[in-house]
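For reference, the structure I am asking about is given below.
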Amino acid sequence: MVVLQCIEEGRVQQNVQVNADSFEMIIQAPKIAQMAAPGQFVMVSCAEPGRSPLLRRPLSIHDVNGKTLSLLYRVVGQGTDILSHMGEKDRISILGPLGHGFTISNAGHHCLVGGGIGIAPLLLLAKNIAQTRPGEAITVLAGARNKQEFLALDKFRDRATVHIATDDGSAGHHGFVTELLDGLVATDLAVYTCGPTPMMKGVSMLCQKHGWDCQVSLESHMACGMGACLGCAVERSGIHEGVGKYVHVCKDGPVFDAEVIWA
Amino acid sequence: MVVLQCIEEGRVQQNVQVNADSFEMIIQAPKIAQMAAPGQFVMVSCAEPGRSPLLRRPLSIHDVNGKTLSLLYRVVGQGTDILSHMGEKDRISILGPLGHGFTISNAGHHCLVGGGIGIAPLLLLAKNIAQTRPGEAITVLAGARNKQEFLALDKFRDRATVHIATDDGSAGHHGFVTELLDGLVATDLAVYTCGPTPMMKGVSMLCQKHGWDCQVSLESHMACGMGACLGCAVERSGIHEGVGKYVHVCKDGPVFDAEVIWA
Amino acid sequence: MGVDLSVKIGTLSLKNPIMTASGTFGYGEEFSPFVDCADLGAIVVKGISVHPRPGNPPPRIVETEGGMLNAIGLQNGGVDRFIASKIPMLRDLNATVIVNILGDSIDDYAALARRLEPLPEVHGIEVNISCPNVKKGGVAFGTVPEMAARVTSAVKENTSKPVIIKLSPNVTDITAIALAVEEAGADGVSLINTLIGMAIDVQSRRPKLANIIGGLSGPAIKPVALRMVYQVAQVVKIPVIGIGGISSLNDVLEFLIAGATGVQIGTANFINPAVSGELVEGLTAYLLKHECSLDDLVGSLRT
Amino acid sequence: MGVDLSVKIGTLSLKNPIMTASGTFGYGEEFSPFVDCADLGAIVVKGISVHPRPGNPPPRIVETEGGMLNAIGLQNGGVDRFIASKIPMLRDLNATVIVNILGDSIDDYAALARRLEPLPEVHGIEVNISCPNVKKGGVAFGTVPEMAARVTSAVKENTSKPVIIKLSPNVTDITAIALAVEEAGADGVSLINTLIGMAIDVQSRRPKLANIIGGLSGPAIKPVALRMVYQVAQVVKIPVIGIGGISSLNDVLEFLIAGATGVQIGTANFINPAVSGELVEGLTAYLLKHECSLDDLVGSLRT
């Protein structure tokens, strides 16, 4: 599948703090906004070319509204810290849209499972399903360490039923979001998940148990984001010879059928 | 001469553009402001320690008012560009005051000769002379490529007679500032100069001709600014053996008796 | 554009001195939205071996101050698959193609040269005798003049195409290696490959690369690369191709002034996939503006 | 502070593993407003030669991405002047002092060791072998195992003080040099010295350093330094002192985990003259917080 992509000098429209360590940045980037599909990502520059931090940072496309693109990101290091200090009208170089996103399943019931910042790519997916599959059920299961940590839930509520779980029990189910999933009674279910690796692995194991198809959105360190450097390899499930041993998150993914990774 | 110095987390009070490519930054840095003497400089950080641009940038102390320090700087590259984007309340790490400044001569008439951004260190000197030598004549000769380029002249006017020269004749004398100096009729004159090297060399040659003592403020690339790296060497006039061959701008200078450099 | 940017490496003549560095430009196709490969001096494709290589386990890359470490492990599908699946695509790109080869033995290098010989789509061969990532192979050849010379002869004996030997910077005297391969018939040398480096995650006390060590690239290594290019250009008569941290026109000019006939852009492709094409335009504009030719520039360092 | 930070290098025991690197800390005095030298593991003073050296003409330094190039040219007043004018001051600093020495010949090194032997203020000697051997046509002592070993023995024969050999990174196999000097009796090795690099001013087409080439230091070289420290620590039994781009506590920890017994802070002193003292505090706090000892840390890389 050939994806069209470009480098766009985006213009920050707003960059607001949404919880203790996360921000949402809305950027005018008409070209990329127009091409973006759910589950795809962009590579954003945090400095002038050749200056450090050298590499672009991969961030999921959280939302798209007309000519604007929204990124939901957590500040974890130098690059995201620089992003968090950007303000209105600042320019930001964006490369994208990149990667192979979610494929909307033909199942009648869609379950989106997000852990922490992993909720980011699921919003555009939910919107897309609601739009292209009117009447089909959408359930969102969101997990977080605590009540304060949840992100963007309200944006889901008008299109999906949302259930939440917290590690500390400060809101919703006291425990793992996977437990909520296990509790679902459904046959014709498609699961889409993004979050910490252990969580996604747990989700895909459950899906195998229940016979649901499952798509996972992976992360990996990236240099190019477009299949050139081969830096973003992750091992495939099963035994494979030669180059078949690895898949590349930026190009084959970031979204994979769960079986490709865990089986 | 042992200079007291410190690292101070200054606070930008204002940072205003003063001509096409220059800015004046006023910083709250009480410790350094209190210690600063005319002709000394500071080393300012343009990034977090260990991040590029790696080295601190040397800038002359342009002015001091109580707890604040003023820097007058021209944007020529990455570091000064970063400085020019700083705003009110931003923190800036300053190392200083550094170096050996101007020594106020016992001559009854003081002539300050500045070229371009070289005017920067002369303001504090003028203020200092006016304060410590009431009644003594202060003449300021300022040179620039054109009328628009002059900096801080008004701040001199109430303490000194100011004459200007421009390369393009757009204001004052059409020609070099050295020609103004040559025109001065004075016996008991002390000259202090800062600006492009050819200008300072010209000034010191004239002073030798007229028998005036002359102090020059030099520039050199610096790593430490405090005499440790030996990176800021400049050759001394005359023939010298071994280590005597060079002086170090950050410690022996930046201000030198002209004869030490050119003879 | 009214200015001649062409350069010659052996019998191969390039439109201009701007090439892409092996392993940083895939096989060109990924970059088609950003660069017309036909506009470049050449594209140097990802290293090819006799047999497929899965590459190293992840993590394979880590960012460092002013650079990055990679331990891809020379992942590639092997020469047969390259010929079957990539050559047709490369033909369509209309680009001057230099194929980077690597092996575990002299025979591997010879075999690769032989396999590529009949292909008109392959305009030149770059021999990687220096990749720091694999424990076996690579390194040894690039660090011993005699070995480097033997690889060179083996390749030359099996191809009529221009042969560029890509030198390792992880040596005491790179000029000795350069002279040895020139003597052995190399049509040009390209340098530098990556410096061997390492990074550690303090919390887990594990290396940040699964391979423990990796190759350092990017602006951080530019001063070392420029120095080596200058030293090599002083002693060899064959063309020198400069590589290492080149991201801007100013960087390109530094390498040309130091004595490089051409340059390769590596890590910079990741930050700006359009950079190679932009540098061709930038260099053209520079030469026009300063009314100088490439020859005026190359090796014009004033010392 | 309830945690033992002391380390031993031969017979010399240091308060803690944090030292300052030669040529980046003057003779300590300049830093007295920022650091109490007595709190540091040791200060390594600017390189001393038999006769005074004027150093190189300016420009001597240039900034690069993530680092800097220097070509100071080993400027120093010579050993006599050092003893006359610096030793008294060093005595007052109350610091553990390691004197860095350099020479053009084996005899120079021997002579320097002899001159320093009687001085109680000198606690150890660090030998800079990155200098050219004038007799051997200017090949650096540090690039040939045999020459490195001969310098080591010459110094050892003339001093009872602990001897640290400072290794050059501009070699094919740094472990071979390390093993050679260990064999010759070195009490420790410190690495790395600067990588040789270069920068060019495109407008004037001149080198940015009057000396054309210079030494690259700073964060840019950290990955190379860390890799070499790791490799050397694998093969030698004597203490390894890590040097290269260390600016933060995290950097210090990386080098210790890689196998360094101690570290030296160089270029970082220019950016923050108080950094060495801060790192002693930082390391102390870290060990307390994680309830681990230095021994737990050193060489604890999980591979």
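Order of writing sets the chain letters: A, B, C and D. Residues in each chain are counted from 1.
Methods note: a residue touches a chain if its C-beta (ideal position, glycine included) is under 8 Å from a C-beta of that chain, and two chains touch if they have at least 3 such contacts.
Remember, it's a predicted structure, so these values are computed and weren't measured experimentally.
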Third chains touching both subunit B and subunit A: C, D
Distance-maximising chain from subunit D - centres being C-alpha averages: A
Interchain centroid distance [CA atoms averaged], subunit C/subunit D, Å: 34
Between subunit A and subunit D, centroid-to-centroid distance (C-alpha), Å: 47
Two or more partner chains touched - positions in subunit C: 65-67, 219
Two or more partner chains touched - positions in subunit B: 50-52
Chain contact topology (line, ring, star, complete or other): complete
Interfacial residue positions of subunit C with respect to subunit D in the complex: 64-67, 69, 143, 170-173, 195-200, 202, 204-207, 212-213, 216, 219-224, 226-227, 230, 245, 250, 253-254, 257-258, 300-303
Subunit C residues within the subunit B interface of the complex: 65-66
Parts of subunit B lying in touch with subunit D, wherever the complex brings them together: 4-7, 45, 49-56, 95, 220-235, 240-246
Contact footprint of subunit B on subunit A as seen in their complex: 51-52, 78
Interface residues, subunit D side, partner subunit B - complex: 23-26, 30-31, 33-34, 46, 51-55, 57-63, 65-68, 70, 72, 75-78, 218-219, 247-248, 251, 267-275
